[in-house]
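Each chain gets a letter, A, B, C, D and E, in the order it is written, and its residues are counted from 1.
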Amino acid sequence: MQEAIGRAGTPINGGSAQSGSRVMVEARAVSKHFGSGEQVVKALDAVSVGIREGEFFTLLGPSGCGKTTLLRLIAGFEHPTAGAILLDGADISGLPPFRRPVNTVFQSYALFPHLTVAENIGFGLEMLGRPKAEIAETVAEMLQMVRMEAMRDRQTSQLSGGQQQRVALARALAPRPKVLLLDEPLSALDLKLRKEMQVELKRLQTETGITFVFVTHDQGEALAMSDRIAVMSEGNVLQVGSPTEIYEHPADHFVASFIGETNFLTAAVEGVDGGQVRLRLGGTLEVRAGLPDGMAPGPSVTVVVRPEHLRIADRDAGEGLPATVSDVVYLGTDTHYHLRLAGGEELFARVQNRPEGGEAWRVGDAVSAGFPPAAVRVLRD
Amino acid sequence: EGELNIYNWGNYTNPELIKKFEETYKVKVTITDYDSNSTALTKVKAGGHGFDIVVPSANYVPIFVQEGLLLETRPDKMENFKNVDPQWVDVPWDPGRHYTVPWQWGTTGIALNTSIYSGDPNTSAIFMDPPPELVGKVNVVPEMNDVIGLAIMYVGGEPCTEDKNVLRQVRDKLMAAKPKWQSMDYGMTEKMSNGDVMASVNWNGSTFRVRLKNPKVVYGYPKEGYVVWMDSVAVLKDAKNVENAKLFQNFIMDPENAALISAFARYANGVKGSEQYMPEDMKTAPEIVVPEKYKAAGKFLPTCSKAARDLYTAIWTELRK
Amino acid sequence: MRRIPGFAGIAAVSFVLLYAPIVTLVVYSFNAGDSIALWEGLSLRWFAAAWANEQVQEATVRSLVVAASASAIATAVSTMAALGTTRTAPFPGSMAIYALINQPLMVPEIVTAVALLIVFAMIKISTGYSGLGYLIAAHAAFCVPFAYLPIRARLEGMDLSYEVAAADLYATPWQTFRRITLPLLSPGIVAGAMLAFVISLDDVVITEFVKSAGQDTLPTYMLGQLRRAVTPEVNAISTALLAVTVVLLSAFFVLNRQRR
Amino acid sequence: MAGPAAPALAPARTGETAARAARIRRNWLLATPALVLLLLAASGPLLVVVVYSVLEPGEYSGVVWELSGEGWFRVLFHRDIFDDTLSLADAHLTIFWRSASISLLTTAITLVLGFPTAYFIATRPPTQRMLWLFLVTIPFWTNLLIRTFAIMEVIRNEGILNSWAMKLGLIQAPIQILYTDTAVLIGMVYVYLPLMVLPLYAAMERLDFRLVEAAYDLYASRWRVLTRVIVPLVRPGIVAGSILVFIPSLGAYVTPRVLGGGKNMMISNLIELQFGEGRNWPLGAALSMTLLAFVMVALLVYVRNMSKVERRG
Amino acid sequence: MQEAIGRAGTPINGGSAQSGSRVMVEARAVSKHFGSGEQVVKALDAVSVGIREGEFFTLLGPSGCGKTTLLRLIAGFEHPTAGAILLDGADISGLPPFRRPVNTVFQSYALFPHLTVAENIGFGLEMLGRPKAEIAETVAEMLQMVRMEAMRDRQTSQLSGGQQQRVALARALAPRPKVLLLDEPLSALDLKLRKEMQVELKRLQTETGITFVFVTHDQGEALAMSDRIAVMSEGNVLQVGSPTEIYEHPADHFVASFIGETNFLTAAVEGVDGGQVRLRLGGTLEVRAGLPDGMAPGPSVTVVVRPEHLRIADRDAGEGLPATVSDVVYLGTDTHYHLRLAGGEELFARVQNRPEGGEAWRVGDAVSAGFPPAAVRVLRD
């Protein structure tokens, strides 16, 4: 079901969303360049992507990859250099932001400091010229939804980060937009609050059925919350798919390294039959692995093994690659063992800690690092 | 040798005169400006100013004397005193010239741009009862004694009168005229030359300079009576350079030097024989040389009693507001 | 997105308003006639006249001396005061200090002028000293709030952590001030000094009342001329000063830019 | 537990209070030079004015050391020179009213011009902003009197304004602007415009334009964004600019004197008249104090306004 | 070895540090109050803690717990309200910061913007009046140590976040302080850089042997880097110990919840013998667990079970507590299963994902949640 990299002209929609398949927001070969001449920055480079009605869609990528730019194009704060933005099938490129049925939750919240909580939430409805009574009613409903009834007349500066976050959400939801854009709404929160708000956001999205376009550079957050994820890098969309697809079948080196920690190994290709390939790893270990659709491998390929799939055993007991423990980092839930292979390659294994303590290796121990064949994923070149 | 500090009206002192004095006596002269008699009086009275010489108008001289601010330098006994026109010796503000030496004198009359109004300029009615053509176009220089003097004579009184009926008339007429004025400002040399102001109560020397630029402007000597004024050079009691100050008093009574004064500010000076050294255009100018037929109407403003002064001030303050 | 229709137009009107008089002034400084209002042809005669007029020259130099001294003093005391009143919790009397520092902003000039005339005259008589010191002191005093405001603003925006870091790295309080606070504060100090300089250069009312013999500044010299005739000589001086300032400020501006 | 801790406790606590005392002493020491200067050459002498306001006027100028309420009395009441009838000093009231209204108008007009100007500058690219600010301040570097003369050249009957308006056919004959309240107003707007632009700019530069975007996002049109978001947010700048313009306007001396033609006094000119030709120093002093009271009221409004803003934001 | 909560008067030093046992920094019953009267904030409340020579000691706690305050007291930027700070055995309470052989790496770096990289690094030595040649030499050495040789003459504003971080470190290390204080030096960095800098910091500490006092509110960071950790809350030190001790034997509810995610359960006490207690969980399950030193339990106690120690099995196959799956969150390496017990209590289990996919439960599945007895930790009341 997963399709390759999203590129100019071919809107692709990998992944299985729980939601309807009608496309709500579509970027068609959208480019956005800033500056001019020598100094031009290609923030987006012919990006095409379709976001389905009612889904929780996440844009994930490192800083500067163009996530915010894409959101701003959808919201109408910027105009595309090339390409078009479609909302519910209609081209909205010409509409100013205040004519688009799209609201934004800003990273900094951007709550109006001179208005109270209730006034902030009612702002959009007031601008739309809704009757007072209706505004009051919707505001009350929103306050309840984000559990802020007690704070309706507070100044926004008197709120904690999480409370501000909630007000920003309520404010953006109050006019019932077709699409809600969220630009790293959780990045300013501390870990605990962040976890809480993740749950809250997910609940609100389910309750309202509004299409959420969520921006983050935190892969954990993206995996935990999204129906589908678009992984971006340097103005391109590299892969679109469900969390499992993205994590388990990364399309390329960048996606694999960006989504979770991972080990990259070079494997010699021994033979290909059908969609399968026989590989030799570290000179000794032979495994069979599936090939990505339509890939014709050269003499060697890069494979990925997730650290949690590595198994460490005593050198003589194990069947895997011979290795030496070079560092041990205790992480509470898990311990990271950094291993050096005979050839000098480095690997690391993530071992869940057992309540009883269990087997533990020390720096310098000679071990063997093994993994089930299913753990090996071949990457495209 | 030494120094001399002169406190004088701004742009009133010929630098050539000063240079000559400096070279003759090897004295370093410093000029400092003021812009009104009252500022000068206030600062001198406050003390600590460092001035040696001040140049008050006639009506302020007795105040300076009474306040004990002037040094009795006896110019009448100085070498060059012989040059002073007898007309300016026994003046009411300094009988016999025990304190002061003439600097410049002039008249306060009417300046009129004839391109807008061709009636008689020789009347205070120009500002006391402006003809319709001049309504909103008349300026009155904000000089209390001159203006009130002109106004008193216009309603038929004598300068320094304490007659309340006359003064009430003066006030009422001035107050009634004020809305018809354009302004109460100085700087008429400039503003009448370029046509910003069409008529003004003005000084003769200034009007003379205007006429040189704009021949349409004439100087009128109000027949109801106009003001003759003189500014005189006095030495201050707390002067530090008394000898140099006296030298200066004597120096400017020399006709050649007096002519230098006039050549710069364009007023007559009260020293006999200076005319020959004055610029050609001044010698015949009707603004400077008062024509015979108008001479009679000119009145020197005496120094008034305290009661009269207080009334003037009250009227003036009311008018200025 | 940030554009508001019409605003650029109004801004243009503002700039025209600000520059029309200045342009007129500069143009008339090249007038051949004696009028600042009647154009009689192009000439440099007023520059020559200003150049030759000793009284004008002395007044100009005096204005600059007073402005330079007063702004230096005002900047120095304001910098100290700003250091003492900024980035600190309110302390007993801090409000009073603040009020006193800003007092010259609140009192109309004429009131201060009269008060200073009376008091300074008494001091002049009792001490016998009547030098430029009084003018400089008076100017420095009314320049204080103007110098104080930008310095304070800069200080408030300045991270306290630099000084803390310096102390952590063995810098004594004085070393911290010299090596860290002062350099970082310098843009504010320069702004404050410049503002104070201009304000001093502009003053006429207080100067007129405070000056002693031989202490005319350019503005009081011009005030003295008001009653008689103002000639383009003053335009010429102003044009020259304006040219100098624009050159100096541009140089400052360019240098500042390059350093970044 | 308190036992062993006690000895360590005492010196530490004195250390803390000593540090606080040292800080306060240091702050006062740093402020002292400025305070001395101000007390000597600005605030202290004002006491003299207070004293003079309750003395008798001297014969020619100055005061006589006799207590008198006449000065204060005459601020409000006028005694006719000739028949001694009492009436309200409507001349003073007129002048106060004129000063207040011209100052308010000046403030309003500089705000209307200055707000868009500051906004324009604040929305230039950061590298250009300094240049624009610089352009606003350059006219400041020319002496006020000269600038005022220069305005006179612009607005006089044959000045640029009238001649252009005539050329463009807007008017047939020149309109008399010089020597009117309008002239004073134009002059004051000119003189004080930079004082409005600078604090407004400072506020706008700090304006979080993300809030502007948020408002657009929430369906606010440009006008609504301006009135509902930008104006409320830069209110401290508006208030600061207004005060910075209003207070000096109230005390303006040179501009009304030169452009008003001596017929339309403002308070400062009235005060000067009393200290000069009017020779009534106590009245002058009392008028000064009255003006000061006006300023204080304006400031009080400002302070209350600011604290309200602070409480909110 | 672990001792109870650090409290007034009793300096405690739990945990086994690899380093010498000489105490380098000691806080003795240190209190710090801000403000006065009603408004007083007790930032530190009679805190006692001893930091050993050459160890990597971490202060860990939520925002506002007093971490920065303790650092600032050690550095000398604040004066204690009560108590004393000792350095190498001597009371330094009276010394100003510039007389203390202690340097700080600030959260915001606080690099002097008007000085170059090299000038920043040399600043401390210059203030100490060291000869020019020595300064130049040390600066060169430091530049090499933090791998910034190429940037010595750059303005600090031209550096990236990670580079600034390195300069700040070099600057603080150059004068060879006895103690280096680090106030959340990594919090402004993005994830990748953060991980890199963690390794770098640890390397520098090992190389220089300087005592590091490190502040963070990130428990993962604390566990991965520290020799010992002090967990703080509301001005108190709750527990001092090695990462393993802190994670596996949390002293109380706060520590348990703050260090990692965890499940709290109420257990009925069936009987006590020696240091052991017999507990009944969820009415059915009986387990034996160790008691914290000297604890005399009441009729019920709170126990902790880490989510990675929970085992989910089919309802009939399992021996554990009967439960229903209420939510499934995919996290890449692991999956979180949220479970509702029969009694309404909520638990969650963290299950490492298998490459083959393996058993997966869905929302609504009836399961059984089991755990080995060793996974149960009894908390003090």
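Methods note: contacts are C-beta pairs under 8 Å (C-beta built on N, C-alpha and C of every residue); 3 or more make two chains touch, one makes a residue touch a chain.
To keep track of the chains, here are their UniProt names: A, E = Spermidine/putrescine import ATP-binding protein PotA; C = Spermidine/putrescine transport system permease protein PotC; D = ABC transporter permease.
These numbers come from a predicted model, not from an experiment.
Engineer: Count the smallest number of chain-to-chain hops linking subunit A with subunit D, moving only between touching chains.
Structural biologist: The distance in steps between these two chains is 1.
Engineer: Strictly by the touch rule at the top, which chains does subunit B share as contacts with subunit E?
Structural biologist: C, D
Engineer: If you tally contacting C-beta pairs, which comes out ahead, B-D or B-C? Let me know.
Structural biologist: So, comparing the two chain pairs, more contacts are at B-C.
Engineer: Look at all chain centres (mean of CA atoms) and spot the one farthest from the centre of subunit A.
Structural biologist: Centre of mass proxy via C-alpha means gives B as farthest from subunit A.
Engineer: Indicate the whole-number Å distance between the mean C-alpha point of subunit B and the mean C-alpha point of subunit D.
Structural biologist: Once rounded, the distance between the two centres reads 38 Å.
Engineer: Report, in whole Å, the distance between the mean C-alpha point of subunit C and the mean C-alpha point of subunit D.
Structural biologist: It comes to 17 Å between the two C-alpha centres.
Engineer: Can you check how far apart subunit C and subunit E are, centre to centre, with Cα atoms defining each centre and the answer in Å?
Structural biologist: Subunit C and subunit E have C-alpha centres separated by 56 Å.
Engineer: Centroid from C-alpha atoms only, then distance subunit A to subunit B, rounded to Å. What do you get?
Structural biologist: Here subunit A and subunit B have centroids separated by 91 Å.
Engineer: Would you pick out the residues of subunit E that each touch at least 2 other chains?
Structural biologist: none
Engineer: Using the touch rule from the top of the page, what residues of subunit B touch 2 or more other chains?
Structural biologist: 36, 39, 42, 194, 196
Engineer: Residues of subunit C touching 2+ other chains?
Structural biologist: 1, 36-37, 118, 120, 223, 226, 230
Engineer: Over in the complex, which subunit E residues touch subunit A? Could you list them?
Structural biologist: On the subunit E side, the touching residues are 62-63, 190-192, 217-220, 223-224, 243-244, 247, 259-260, 306-309, 329-334, 336, 350, 352-357, 371-372, 374-375.
Engineer: In their complex, what parts of subunit B are in touch with subunit C?
Structural biologist: That would be residues 5, 7, 9-12, 15, 30-36, 39, 42-43, 46-52, 186-187, 189-190, 193-194, 196, 206, 209, 213, 265 of subunit B.
Engineer: Touching subunit E in the complex: which residues of subunit C?
Structural biologist: Interface residues on the subunit C side: 159, 161-162, 164-173, 175-176, 179-180, 183-184.
Engineer: Once bound in the complex, which stretches of subunit D touch subunit C?
Structural biologist: 23-24, 26-31, 33-35, 37-49, 52, 112-114, 116-117, 119-121, 123, 130-131, 134-136, 138-147, 149-154, 156, 158-160, 189-190, 193-194, 197, 202, 209, 212-213, 216, 222, 226, 244, 247-248, 250-251, 253-254, 258, 267-268, 271-272, 275, 281, 284-285, 288, 291-292, 295-296, 299
Engineer: In the complex of these two chains, what residues of subunit E are touching subunit C?
Structural biologist: Against subunit C, subunit E makes touches at 75-77, 96-99, 102-104, 106, 108, 110, 112-114, 123-124, 127-128, 171-172, 175.
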